[in-house]
Structures are given as C-alpha cells and as structure tokens.
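Below you'll find the structures, each written out as structure tokens.
Next come two complexes built around chain A: one with chain B, the other with chain C.
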Partner chain A sequence: MVESLKDKVAIVGVGCTKFGDLYDHSLQDLMVEAAEMAYEDAGIEPDLIEAAWLGTFSPGFGGGKASITLADALRLYGKPITRVENFCATGTDAFRNACLAIVAGLYEIVLVIGAEKLKDRPVRGLRREGVHPYLDAGSTAPGVFALAANRYFHEFDIDRHVLAKVAVKNHHNGALNPKAHFQREVTEEQVLNAPIIAYPFGLYDCCPTTDGAAAAILCRADRARSFRDDPVLVKGIGLAVMTGKPYFDPTFDYIGFRSTKLAAQQAYEMAGIKNPRQEIDLAEVHDCFTWTEITNYEDLGFCKKGEGRYFIEEGRSALGGDLPVNPSGGLKSFGHPVGASGVRMIYEIVTQLRGQAGPRQVPNPELGLVHNLGGPGSVACVVILGR
Partner chain B sequence: MIGITAHAVYIPRHRIGREMIASAFGRRALPGERTAVNFDEDSLTLATHAVQWGLRHVSSCHGLYFASTTAPYWEKLNAGLIAAACDLDEEVTVADFGGSVRSGTIALGCALDRVAASDLTNIIVAAADVRDAPPESVEEQIFGDAGAAIVIGHDPVIARYLGRATVYDDFLDIVRRDRDERVTSFASKFTFRRGYEEAVTKALSRLLEKVGLRPEEINKLILPPIDQGSHVKLSARVGFRPEQVQRTFFEHIGVTGSSMSLLLLSAALEEAHPNDKLLLVGYGDGADALLFEVTDHIDQFQVDHPIEEQLSWAIRFKSYELFRKAREFFRHHEDNLEISNILYEREERQNIRLYGTQCEECGTRQFPMTRVCIACRSTESLRDVRLGRRGRVFTFTTDTLTPSPIPPTVMAVVDLDDGGRLYLQMTDIEPESIRIGMPVELTLRRLKEGGGLHHYYWKCRPEER
Partner chain C sequence: MVESLKDKVAIVGVGCTKFGDLYDHSLQDLMVEAAEMAYEDAGIEPDLIEAAWLGTFSPGFGGGKASITLADALRLYGKPITRVENFCATGTDAFRNACLAIVAGLYEIVLVIGAEKLKDRPVRGLRREGVHPYLDAGSTAPGVFALAANRYFHEFDIDRHVLAKVAVKNHHNGALNPKAHFQREVTEEQVLNAPIIAYPFGLYDCCPTTDGAAAAILCRADRARSFRDDPVLVKGIGLAVMTGKPYFDPTFDYIGFRSTKLAAQQAYEMAGIKNPRQEIDLAEVHDCFTWTEITNYEDLGFCKKGEGRYFIEEGRSALGGDLPVNPSGGLKSFGHPVGASGVRMIYEIVTQLRGQAGPRQVPNPELGLVHNLGGPGSVACVVILGR
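Let's turn to the complex of A and B:
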C-alpha cells in the first residue's frame, strides 16, 4: 500500500430518511430528503459541494444507470458526479470512491448519497439482475445465502435456534430506532415458526426489501473543524471482490466469505488495528440474513470460525455486550434499500460516535466498523470510522 | 449379423393412482397406478435420459432416431437436440419419427435396414410419449408416460434380427389433429376387432410364415397393450399361451404410446436367455412384427436400472390437480427471456453438451467454460472438457421465493464425480429427503418457456447407488 487514507478524510454531515415501505416517496424524493438533512447537519450550502457520488443498485426511471439520477434529483448541475453500483456493497463503495478523490487532493468537500426505491416493483423479494437465464435459473438472494448456511450447518454444531437469536437481537435494537423499517420486538418462537423462504431461512431470518436513502458530506480532515467540533475520521477502508458465482467455484468451502476476510484485512491494516475484538467498540454489519451476521462475526475476526454462535448466544453482540453489532437494528430491522444500506451504516456509526443515538447509544465508542456485503458473498467493503 | 446391442428404459418418477383420477370425477377406477411426467419433463427429456443410459453400453454411435407422437418441436429436429445433449458427433444420422404410436417399431425397422445396408454400427432408437387425454376419459387412466431406447448394430449383438412383416391400415382408432392438445379416442369393441386384432394378426401370421415358425416356437410375444387386458385376449386368439406373453406393467406404468413396444422389448431382454425367440409387435394405423433371437452375449449384458428398480422409485402426486398441472403448466406459462439464438449457439457446447474447462496447470475442472483458470489464473493450458453426468450434493436449499408450479424449488451445488462443480435445480425429489453428500445424476429438463422456444437445461435428481 503506497498511500493510506487514515485520518485524511472527515465526515462532517450525515442524513438518513425514515426507512420502510415508503409508497408515497419516489427515489428522487428520498435523495432530496437525505441530502437536505446532510447539508443541514454539516451546516453548508449545496453550492459548496464540488463533486458527488451516487450509490444505487436499480434506479429505474428518471436517470437510470447514469449519474443524472442524482444531478436531476438535486438539480446539482455542472459538477463531476459518478454513479456507483457494486451489488449490495454499492453504498460503501460510493463512499470509498469519494474518499479516494479527497485523498487524491482533487476536491475538498464532496457528497455521497446511497438511495434505493425497491417498493415500486411488481415482484416479491429482490430481483437478481444480470443473471444467466439458464445457469442461474432458480437463484434468489435468500437462496444463494441459504446454500452457504446449509453447508455451515453441516460443518458446525448449529441450527435455526441460533439464527433466531440474531433476529430477536436486531428487532430489539430496531424497536429503539425511530427511523427503522420495523420497530417491534419479535420472539424466538415467532422467528422459528415463520414460513420458510429458503431453508434454513424463515421469513424473520431475511431482511426486508425497503425504500430509503442516506447521505454523507465528506471533507479533507484538515478542514473538518471549520464545519463542526466533532468530525468523524475515516481510519481505514477495504474492498475485496470475489466470484459472483461462488456456486460454480470448486475451491470454495462455503462456510464463510473470503471477500469479508480480505476487505477487513485491508481496512485493519490501514487503520492499524491488531485485535479487532478488543479495539472496535461497535459494528454495523451486513445481516441480510441471520446466518450472514454469524459468519460476519467470524470473517471480521471478532471470533474464530465456527464460534459465531457463542458470540450471539453469550450476548457479546447485544446492546450492552462487549462489541455491540447492529445497534441500529441492522438490515434485518432497519431495512435494506440496496444502494442506501452502506451509507446508512455510516450514518449510524457517525451518530453513535457523536453520542447522539438516544436509547440505543453504545457508551463512549471510539472506533466503529461498517461492513457491507454484495452478491452471494462476492463483494465486501469494510470501513473503520473513529473520532 | 445385425441386431440389438443395448437397451434402456426410462420411467419418470411420478405416479398417480387411478383411483385418484377416477374419484376426481366420481368415475370407476381401473386398477393400480400410472406413470406421469413431472412439470419439467416431456417426450424429448424422457428420450434423452433413455439414450443417456443406453449409450453407456456402446463405444460408438452413428445414428439417433427419435419416435414420438408428442415431440415438443414440430419444426426443429428433436433428435438433433437429444443428440447434442448426449454430445454425439455432427456426422451422426438423426431423424424424427412420428404420426403414430407405431412410430417406435417403424423407427426400429428403419434402423435395422440402415445397419444391414452399411457398415455403420449402433443406431440408437429412442421412443417416448407424453400423451394427454381429455380429463374424465378412460384414456386418462390408461395412458402412462415413459421413454425407451434400443440400440441396433452389428455383432456382437445380444439379440439377432431374423426378419419382420408390416401392414399399414388407414383406420380410425385414436387420433389427434394438428390443432388438438389431447387425443380423440374411438376405442370400442369395433376398434379392437377391426383395428388391433386384424392388423396384429396379419403382421404376425405373415412374419411367422416368412420365417417358418409356429407360435409355440416363440418364447416371448411382446404385444403392446391398448388397455388393461385386450392384449391377453388377442394373444390367445393368435395361438399363444399366457406364459408366452410379455407382461405389460399396466398396473404400474400404463399404455405409453410410441415407447410401449420398445419398453416391453427391453423388459423381455432383461429376463431373456440365450436362444430365446422374441416376437415384437408394434400397433397403430397398422402393425409391425419383428423377430429377434437372443444370443449368448445376453449373459454379459446388465441394464443399469432395471424396470422393477425404477418402479420402486416412486413419487406419488398428492392430488389430481397437481398431476394435471404438471402436464399443462408450460403450455400456458411463458417467461420473458433475454436469450437470443446467437447466445444459444455460442453457449450450446456449454449449456446443452455440458462442457466445462480443464486446467492442465493445476488440474481444476470448472464450469462455466472460462478463458482464465478460477484456481491458478492460468490462460495457457486450458482445454474444453465434457463434464460427467453424476455427482454428489455439496450444499443445497429449498427455495419458495423462486416462482415454480410445484414449490419449493430445490437448488443444489453438485460436485461431479470426475471433477467440476455445478449449480442446478434438483428435480424428482421430495424436498425433505435431500441431504448433503447425496448422490445425484444429471437430467436434461425443460427449464422455461419463452420467446417461441422450449428452453432445455440440466437439472439433477437423486440417484440410487
């Protein structure tokens, strides 16, 4: 690594819409709301924005796959805007690209928006895009993660009861969060008795499809204090891309995600983290399915492979545990608007580091981790934020 | 010497009790059950599986004839698609036969003539039908679905060909117009006497006269049934004792159209002894009679999956409605498919012939075909490789989110026995019985409908080992 990002980029403003089934909002409405909140939070005028990155997976009408989706929504014309798409890790990758531009010295103040409108579609679940009509026929998002979960079940002593504890925890946290898609507790029994979507995942083992947007305003770290006294600094970023079709990869053991391990290694090295379990105070991880959160504990180095069950069973990842995971409610309860999620996780960690998280506040955190996972474990992005 | 060099039968795994069909309409049930296709099967897939099994016994194949009255394509060679799925060479002679349920023995006759007239060896004759009869009709109970394949070639043969006789008969028995999805049956005492009895009697007596044999010198009369018992009555009238008559599996399979005679020939060969004389009959718009004499090579020939074994692998439809849905789903369901004939052609070797890539550098066999090795990134030492057709489940899921006529969809990651990993739908399985490590075989199935095409691709299904 030639250059490190550590302490060179600051987050000075964040915004996040309510997440949920936002039937009366368009994608553009969501982007405008998130951006306005971030402008206000940073106390800046939109004119100061020099460049912008939009993370969105499936933008639909009003700009489609081009950057004009953001330009037209915010009427932010005449500036460099880039649309980023990297499966469910889209939001963090948009953030990462914005950081790179600041570190390169091209811009001082930039905007990142992650936004998604999934509820305008006539289909159930998340439509997989860019899939082969024969080779991937029958594949769904829960299905491709369930392949991994069943192999993990085969290798380790674990069953659906352990997964249910992740849903219970994240619903508990979401119930404390006024912006979460679901703000109610569930019991283990409810989780276990829900209809099966893709075995071993029942309905409550799956994150919902959600509408929402989140935004962040980034600046050069040395200018951050001109905006606010409590900027949050980027300590490290890692992005690792593996095969998009792990089910054809004869070298894959299917008991965890190599992308997460490698992205975490990059981010830890940049941030100078030797022992993540000890040094990280809280984490927002990609719990698209309950089992994913368990493998994330292991792949991020919070515990050993195969021991993720104890991390949830012993309450270590609960609010009040020694490494609270998904205090926001996670994708499971806060919701998962694909391109928005990564930026929403950054919003949550920034809110926590500033001590503004209300009833779900983790006491005095110094270092927080964001983990975003795209495709069937194909793309992972890890961001370390600190004060 | 020419004759039969190999044989195989493919019986679809699904069954429906005739009582379940009859009670849907308050009708009287015929005894037993019938075979029925799963929603992803048709005559082409039944035949492909029979060919796949039949070809395991021969080292070369110069022809593939496909006989069916229910071939999925009317313009496009069905036999060509079967040949591609079995990765036969492009110079193989392929042909479709149809028009009558006698097409099975007609194709067999053509194969015998062609082999006799050349030094070509091993023409595989595959027959399969998925005939549909109007709901509530007695034919709905009588019919069954199955495929069979008989390989014709030069010595060494397991049964020598001794001759044949044929009569055609422009007669109305069971018909289906080009515009109809289901047969119209005129079956009655009249069609038995004037159709079945008359045509079969003529063909049999001509053949026996030609070869100078009497009925009592025949070890097995292989007479395709038209219902539960008419063939018994007919065989007695033409001078055969009940023990000479091949059993028809009516209580387990039913009357299977074009594949019936070939299926029963295969059944007879399973139990035949050297020097047995087998007299095969085909019926439909006339009749064929063919005579074979079993050779000593029969003792070395063992089918992979005897009929009795396949009959024990039954999945029974839970309702009459599911039985009908499985037969009709793809007739009324179209997907919007983003696939062109250009993509189809470019990937035919991969998707239909099922080739992958072998890395000679690190030994990794992989799919889909690749320019860069997934394990060692080598680009130099890669070659195309035909993938095996058997493997074991590495992991799986049962998915209810994927739209399916009969959910859940079982998805499996399969490690092939001779290398390579595939991601496939699993079919012909009761979802609760799937487990990691379970042996599976690949089976070509109808995956989707759309864009004016049937889309065939590989699935896997449990294999008894």
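Let's turn to the complex of A and C:
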C-alpha cells in the first residue's frame, strides 16, 4: 500500500429501506427506494451519477442479472455499473471499489447500492444451486460459527448467558429503530429458552433472513460541500481474504477471525488510528451470531482476546456505553439481506455522525467503524468513517 | 469523468491456460496455472501481489465461492480480493476495477484473474437456478442474438454467407493458436451446412462452451520497467450498461448495440483516439456469434453501420488485413469461458503488442482493442492497450 484514501472521499447522501419480510417488494423496488432516498438526502439530480457499484450476493442465476437490473431499476443507462460479490462482505466491498474509483479521479460522483431479496426464493432452489453437499455435512452458517463458539467457550470458560446479553442489547437497539426487521425487546430468559439451532446458538442468537436495500452517494471530498455542509469522510478501508476452510486449517485457533484482524489493521493504518478502543466512538459490526459480536470486539481491538465478555457484561457496547456497538440493532435485529448489510451499516454510521439517529443517537460521535465478516469467517471488510 | 487513466497502469505479466473441455481441471487448477504463468512472465515473486480482482460469472451457489476460492488456490491470504461479475463483460470489468485501484495509488502491484468452468456443471442445474422461465420463452443466448441478426439481415439485405466468412476467418486463426479450444479450419460450405441452432445461426456461427482461465499482473506505469522492458500500457477503458430488455425497448433499432458504442466512446475519449479505424492496429472483439462480430466492427467505429459485411468480405479483419480482428481465433474458436474471456483477450493483445504471437502475429502493432459484450447486448466493456 503506497497511498491512503483518507479524507479523499465523502458520503453526501444515504438511503435505506425498511428491512424485513418484504414479499410485496421486488429487488428493483428496493433498489429504487434506497436510491431515491439517497438522491433526496444529497439533494442531487440522478443524472449527475457517473458510475455505480452494486453489492448483491445472489441476485439470480449465476449472479447474472445484477448490473442490468440496477440499470433498468434506476434508468441509469449508458454508464458503468459493476457488480461486486464477496460473501457477507459484499456491501462493504462494493463501497470499497467505489471509493477506489473516486480516488482514481475517474468519476466525481458515484452511487453504491447494496440490495438483496432472501425471503421469497425457494430453499429447494438454494440447495440445487450447489450448496447441497455442504448442507449435508452440517456446514450451514450456524453450524460453522457454532464450532468456533464452542471452542471459544472451552477456552475462556463462558456460557450461553454471555451470548444472550448481546441479543438483549441488539433487540433493545432495534426496538428504537423504525427500519429494523424486529422492533421488539427480548429478555435474557427468552433468549436462553429459545429452541437451539446449532449449539450454543438458539433462535435469538442468530440473525434473521431478511429483504432490504441501502444506498450511498459518494463524491470527491473537495466537491462535498456543494451538496451538504455535513459530509462524512472515508478515513480508511481494509479488506482481507483468508482460507475458505478455516476449520480444517491446523493454524486456526478457533477463537477469533484473522480476516477481521487484518482488515482492521489495514483500515486503522490508513486512518492513522493507533488505539481503536479510545479513538472510535461507535461501531456497526457483523453480529451474524451473538458470539460473532463478542469475538469482533476482540478482533477489532476494542478489548483483548477473551475479554469480550466484559465488554458486553459491563455495558460498554450498549447505547449508553463508551463504545456503543450496533446501535442500529445489528444484523440480529435490523436483519441481514447479505449484499445490503454493509451499505446499511454505512447508512447507520453516517446517520449517527450527523446526529440524526433519534432515540438511538450516540452522543456526538466523531469516528465510526463498519465491519462485515463473510463466508466461514474468511472474508472481512472494515470501513472507518468520520466527520 | 474528470481524469484519464491513460498511461498510468502497465501490464507486466500475462498468463493463459489451454482453453477447452477441461474435465480434469478444477476451477482452482485453472486459476493456479494462469497465475503462475503470469508470475513467471512478469518475473515477480507472488508475495509482491498486494490485491486481486477475480472475474467469474458463475462459480457456484449464488456466486458465493469466489474470492476465498482464489485465496486458497494461490495462498493469497490476508489481502484484498474482490470478485466482479458483469455478464460476459466480467473479465474486462474485473480488469477495469483493478486499474482504478492502481490509479488510486492504494496498490502498486495487483493481480487480475478471469476463470470459469462451464463444461462439467449439469445443464439441469443451470435451469434450476432460475433461468428456466426464460429458456421456456426461447430466450437463450442464440435466440436473443438471432432476433437482432434477422433484423440486421432484413435491413441490410445480407444472408448467412456473410456470417460464414467470420467463422472461417476465426477458425483459421484458431488453427494457428495452440491454446485455442478448436484448432482446425472450417470451410464456408461446412459452416453453411451445419445444423441450425437459432436461425440464422448454425452450429459454426456460435461460440462453444469452454473451460479456461487467464491472468494479468498490473502495476503502476512508473514501476513497470523494474519488471520488464516491454510493458504494455492501458490507454483507455469504457464500460456501459443498458437495459436488460433491449428487445422490448421501442427505441432499440435491432441492428447494433448501444452498449458497445458508448463503452467505446468512453475508452476512445480517454485514450485520445479520434479515428479508431486508422489508429487501432488489431482487436479482440466479442464474437459470441458470427453476426455479433459484424455489428461489433460497426459499433466500435471500424466501419459505418451496414458496412460490416465489406469488412469481412474484403479481408480487412483477416490476419493479413489492415485491422485484424480476433487473431487469437476469437470466442468462436478459442472458446468462451464467460468470466475468463475478457482477461484472455487482454492476454492476446499483450502477446501481440510484444510480438510474441508466432504464426498469428500481426505485424508490429502499436495499439490494440479488447471488447466484451454481455447479457442480451446490454453490457459492454472496451479496453485500449498500447506500447
């Protein structure tokens, strides 16, 4: 890495649909809704968009209906549109590639969309697409993350009560968020008594299957104030890809994710962050499972390995804590439409940095972090945003 | 567009597998073979690769096995790897995003891989993945391109004899190319007598279904001569996405592709090309069907609309002509593993610009063009390379 993109890219508009079981919305409906909110938020004419990056994980056969679906949805014709796919880090990696294009100087204003329809596709279809042999082996997302969680439990002598506190916190935050998939509190007792999906994960330890889309409009930082007087600047980005078979890797310690550590290291270096615990004011991290949020605290450097339990138990990651994590409600409560999530997390951090988050507002934040984790913990993307 | 990437990115290494029915090679085998050739070609240690872009259209369930598959294949761990998908323009768009990253200055040396396994996946699987309703409507690739070809025939009063000449030329070139899927000549008579796939396309008017991979190593132009004294420079790139339903678009004239025209316009502007016919010395264009190559001549500005027939009939696009097109053999004869093709075409142009193309060498070329066309003519990417 020879140069940083710090302070060269600004976010001047964001949009996000309600997340949930959106059976009455097509993928295009969601794209249009998110994009139009972002256009309005930036006060920009859609014609000024010079290029777009679309993050979507599974838009249909072979991924092959992505860029033209966006072109048709937004009538964004004759311009470059790239689809990016990177497991659950799809949204943040689409954002990353858009940032690179702005820094390259080829475009002044670009659009990033993350969109995914997960609810109304047949599970039989999913199995037929090639994942079947893995499902047979129990290698579902809950299954593979449960392996690591169990090892972590053994290593640090914790149990499901710690995980339950993450679910309670994120459901609390989601209950304050009118766009969240689930807007209701849960109690520790409810979480602990829920049916087990893959031990130690019960139903409330797992994020849901959700539809949704989010959008962001990026421009050269030196153009930002022609759109808004409160642009949010990109401070750093990191992306790291590790083996797709971490559970068969004898050097994998099963108690955290190197992808997250390395992506964070890249982003912190670019942003000039020495002490993330002190410098970062809030974070949206990838809580696909409650345990994942705990290891994220550690892998992102918010606390030492094994001390994530205290981070949740002592309320440090709660809305009133000193480093609120997932004020939106997180994947757990806001929902997780794969390709949309990263851009949705960017939407939340931008909203918070502007002071527009209403009852879930973190007091006066200056620097926020977005983190996605994809595949069996193999891919991570970290984005640092600031005022 | 505010800046050009002209002369800022160099290609210092390329690699390409044999294309064909590679039942005994996995997707990872192909990635490794192409990448190792590119490493050796650049004389570079693999550890120097800072980031990678992977172009692959349909690597498995939901596209979800792409970036980590490459990481595992090449042991390229802890680094950023982005998968790009853009229909048949997947390979060139992966290359485009890698170029943007180099121009942004975030990386000095990056890898681009295009790879695809098409032969040994079940057709039933393809149908089940969601394309079935379209297949029912006859909306296969031959079907939709045949609609435009028939309209073109009507408009310009040509017939299948003209198309056959494209097949004869590209099979002739492929016969000179040891990496081509098909390495044999065909006669006009054979082409005309082959079974009809979708009128006016017979078997020899259609590119085959192929496995293969290709790779390119890019670096900042000012670093290029530390690797090779004959770097190839990127002069311009364009990408344009149009409607996914051109055949239902009342403004579509059915006789060419606006995506190609607009992508070429972007690339020519960036490269400072005023007269492509005069300035470009050779081209690899997207001949998914023989007719597509004819409309490409016109849409790329090599001749006027309706005059493509003369371009092939008078031998101008033949190896000895004044603007040789598809000296490699083209998709028609070299094969078309979707995500690999764009990078494979870049491999060919680089090989030609270096004067290493053996019996198919174009005399002393200075400037070459690569063109991909994706979806039902909806997506086009054009790359201009020069010495």
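Note that in this section the second predicted complex is superposed on the first by the 368 of 387 C-alpha atoms of A that agree within 3 Å, B and C clash if a C-alpha of one lies under 4 Å from a C-alpha of the other, contacts with A are read in each partner's own complex, and residues count from 1 in each chain.
Heads up, the rule we're going with is that a contact is a pair of C-beta atoms (placed from the backbone, for glycine too) under 8 Å apart; a residue touches a chain by one contact, two chains touch by 3 or more.
As the structure is a computational prediction, the values presented were derived from the model and not from experiment.
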item: First, second, both or neither for A:234, with chain B first and chain C second; value: neither
item: Which superposed partner A:154 touches (first chain B, second chain C, both, neither); value: first
item: Contacts of A:199 with chain B and chain C, given as first, second, both or neither; value: first
item: Chain B or chain C, by number of chain A residues touched; value: C
item: Chain B versus chain C as contact partner of A:250, first or second or both or neither; value: first
item: Partner chain(s) touched by A:142 [first = chain B, second = chain C, both, neither]; value: first
item: Touching partner for A:382 - first (chain B), second (chain C), both, neither; value: neither
item: Overlap of chain C and chain B interfaces on chain A (superposed complexes); value: 125, 243, 245
item: Partner chain B, residues of chain A touching it in the complex; value: 124-125, 133-140, 142-143, 146-151, 154, 195-199, 243, 245, 247-251, 254
item: Touching residues on chain C, where the partner in the complex is chain A; value: 1-5, 50-51, 57-58, 60-72, 76-87, 93, 96-97, 100-101, 103-108, 125-126, 128-131, 238-245, 258-259, 262, 266, 375, 378-379
item: Of all residues in chain B, those that touch chain A in their complex; value: 337-339, 347, 351, 364-368, 374-375, 394-402, 404, 408-409, 411, 413, 415, 419-423, 425, 436, 447-448, 455, 457
